[in-house]
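Labels for the chains are A, B, C and D, by order of writing; each one numbers its residues from 1.
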């Protein structure tokens, strides 16, 4: 359960407030505001604020005096055009702010996206809660034999059970040490900035993360990719649902021209042309490596 | 007059729309939304959208579940603390979007601030209006004798008048050539992306410019400085007024700890200590250059 | 002719200096250092400094203690893999610094790439030279009828001649005004920061521009595109030649996986699969707009 | 000892290579290249490459054709001027690349500086070494009573000893679990991307970190500050020594105008003026809070 009753009450009190605004509003996203969408065992994603909507992209692309929008079909056509031709600046005109709770080892991947604003809960200043990520059995997988940075087979139930016990025991033990190090009555009252070093990387942290729409889509396109680690991918999928509620036209163009799109190299394109001309091309006469040939075949045949 | 009747009507239609939101709203800024604040002879600054308010800074600094604010005095104390100690990330949690009309040679200074999002009116795609900046006589100054990148004495009325005529004539002439180059009936119908090269640098352009609060304050601190060129400074001053309406507590801290603050070098600090101990220090025994000594004296004596 | 004799002599004196270094060096790029490669009528591109080579990418990807490179074929394979899978951070480990002279209206496009370091010649501080871009007749084209931001037919010789005269006359006239405004003896001695506003946008400026290899390739991929304006494309092409000398393995991968690659949308991919299965697909049953269908056909048939 | 014999040999082989270059070279920094400067118990800082020197700053500020430097005193004067007036872009024209080994909890602070390029050793791809940070007894301190994010008194020897044992035991145990989880023979062969979550935050990681001189100085000014956590401060101090070898004139200006400089708020400046006019000012009539008054007094009296 990611939230305490006190936290839930605080969120609900916040959500009840309302005021009129002349800014663009998105009712579907207003309904989602502040709500904690659960991710993993203790994590969540909450939308705290947003700026702009689909029409704000159109308005900026046209550098308009008023709303700047025309017919719905024209606006959608413009958004699709901008997406297709990588005109990214109009998408930068929308912004969204999240509150996210996530394991530290995932936060370390996430923070590599530099074009965002971040305020993380400070373990120099405050004490972290006793919450750590333990994978569900179906996500407990062996090292991939073929891919040096991926997962292979899911562990059998007994093995998964044993692994979970090991992870849980170590996390509990290190957290207990952390607590006793901080203890000012019966312990040394060690500085928080030092004591935290004893925590394991599956401990949860949290942050406010604010990003523009263009960079959010870039983040999502990298992190919903099947090669991304499952744990960050599941956050990305939750955020993609939010994207669909916020900017439905942009989200559809994103699916068409990014997520569902494929890129073929110069060599692959030349092979494609030969194939369309009726030629049967094999790896041997493709000038592709075995690995690239396999990737190419997989793409062509879904 | 910076706006046509049609533009004014479009703005007003936009401004009449209103909807409820659960996001933070700032009534003083809502009142300003979309309004064109005139700057220079044809320029303006308009606020198009904003995200967050003073309390959003506090909320992010505390990584809160709800509003995150406490007593007004505590929140103000925290904002002042963050400003004083250069904790910039909570200020990045607010965002503002402007529509700005400005002369091209000022746009070229402005764009050097890289941490912002920009959509400029495209002269490849569209035709620029016949509007160019002509300085008011009181801003028409000779090159400074002492400062290689500044202005000195204001020109006398007759000279200013002559200069204005020269500027106006050249701008008119080059714009007329631009128009005739574009003319597809009686002229060559030159590509817009080429014809624009004939315009002078005082031609007005416009853009949507979106920035977070931290970077806005950084921009303002550099551009309201007396060493900034007058033409960009006057935009910065208009935006500082907007800042005061949007985030009054932050704006006050900004005035106290940035705009009105001074920095003394290590050597200046050591001189200061000698002076406070009663010593009379002269430039000769100060280890400061004449130029730095003068700057130091000017700061100490206002 | 882009350089005066004095400038040429200064460059050559600089180029004669040499010193031993333990850093990676690239002889082919060393030979190019400081040389002004002419672009347009008065512009140029010069390489001033560089950091890293192909093996520095491998070294960073492996976080190595020593050189970090293995067999040439393994290193090339790794670079191709990184390029194909958009692992951009190892490419950020190389850096290059250029001195570029270019017309102001092109500088305004260029500066939109924010992830670079720039020092521009200051017209607040110094006086610009009397040099402005005049297109060669073969680049003097009419507005495209089909593309709102492109060129169509080249002008006939007589018309091009007339256009050139108009551009030259206006540039000469506004520059002469600029000079007379600056004149402290027989003119008003106007501040440089003001006088510059009278110059036309084809006046040449110059800057030092420093960028990492990843962002350089991003810049090149956008600017050597046929949709980019000719004037900036020709700079990009000169820089692509420099890229090939500097990091030949990376440049080959860039050509294979970026410049020569194509992206198909989700819908296009599904059509492709139908075609490869032997089906004849027409625009009518493609679910593509006429415009996208034409783009698709153009890609497939080169 | 931070390096194995094999690593040391690899570094030395690399360091023996030399080639001529026409780029600026800094002999004092060449001598330091590749050498691992030890930091903390297992960490280090190594310089891998650099671009530019003091004169490159001058050259860029002048947008020169040749070296661009004049008399040594003039160049130094220009660098001091640029530093004093926050003209940061010429400093961005130099770049440095480090290889750094550091505990993960420090890497998490460090990465918050976004304007740098980073390649970190991947624990998805590779297995981390059994090395974790254990503070020296003299750095083992209790939580500060007055500062919520700082250290207070150093622990007594016995307590420090006990704390060390706790930290060491937990780090050993979690690392042993990590190893057994990875074990493909006698263990589950868990995916590396999962197993790493069991490590404690004092485990060492390493990365290549590349940054321009302006942003390096910004990083250093924040991290050599007495309020920075000791563990990151000691890295910053090592890098400041490197800065002095690399760009001695800039480093001196940095010390004078940044590190040793002080900023007084608007209110503090007004008090200072009263004091210099002979008035005795107390906190009561200062309009400063007790806390700011104490900071002000501390600054004035060293």
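For this structure, a couple of remarks:
Quick note on the criterion: contacts are C-beta pairs under 8 Å (C-beta built on N, C-alpha and C of every residue); 3 or more make two chains touch, one makes a residue touch a chain.
In this text, all values refer to a predicted model and were calculated from it rather than measured experimentally.
Both chain A and chain D are touched by B, C.
Look at the contact of chain A with chain B and you find the same residues on each copy: over half of the numbers used there are shared. If you compare B-C with B-D, the chain pair joined by more contacting C-beta pairs is B-C. Look at where the CA atoms of chain B average out and do the same for chain D: the two points lie 33 Å apart.
Spacing of chain A relative to chain B, judged by their CA centroids, is 35 angstrom. Between the Cα centres of chain B and chain C there is a gap of 30 Å.
Residue positions 89, 112, 118 of chain D are each in touch with at least two other chains.
If you sketch which chains touch which, every chain touches every other chain without exception.
Taken in their complex, chain D has these residues touching chain A: 103-105, 107-108, 111-112, 114-115, 118, 122, 124-125, 133, 135, 140-144, 148-152, 155, 159, 162-163, 166-167, 170-171, 173-174, 177, 180-182, 184, 188-194, 196-202, 229. Only residues 84-86, 89, 112, 222, 227, 255-257, 259-269, 272-273, 275-276, 289, 292, 299-302 of chain B touch chain D when the two sit together in their complex.
Of all residues in chain C, only 3, 7, 10-11, 13-15, 17-25, 30, 33-34, 48-52, 56, 59-61, 63-67, 89-90, 92-93, 95, 97, 99, 117-121, 206-208, 210, 212 touch chain D in the complex they form.
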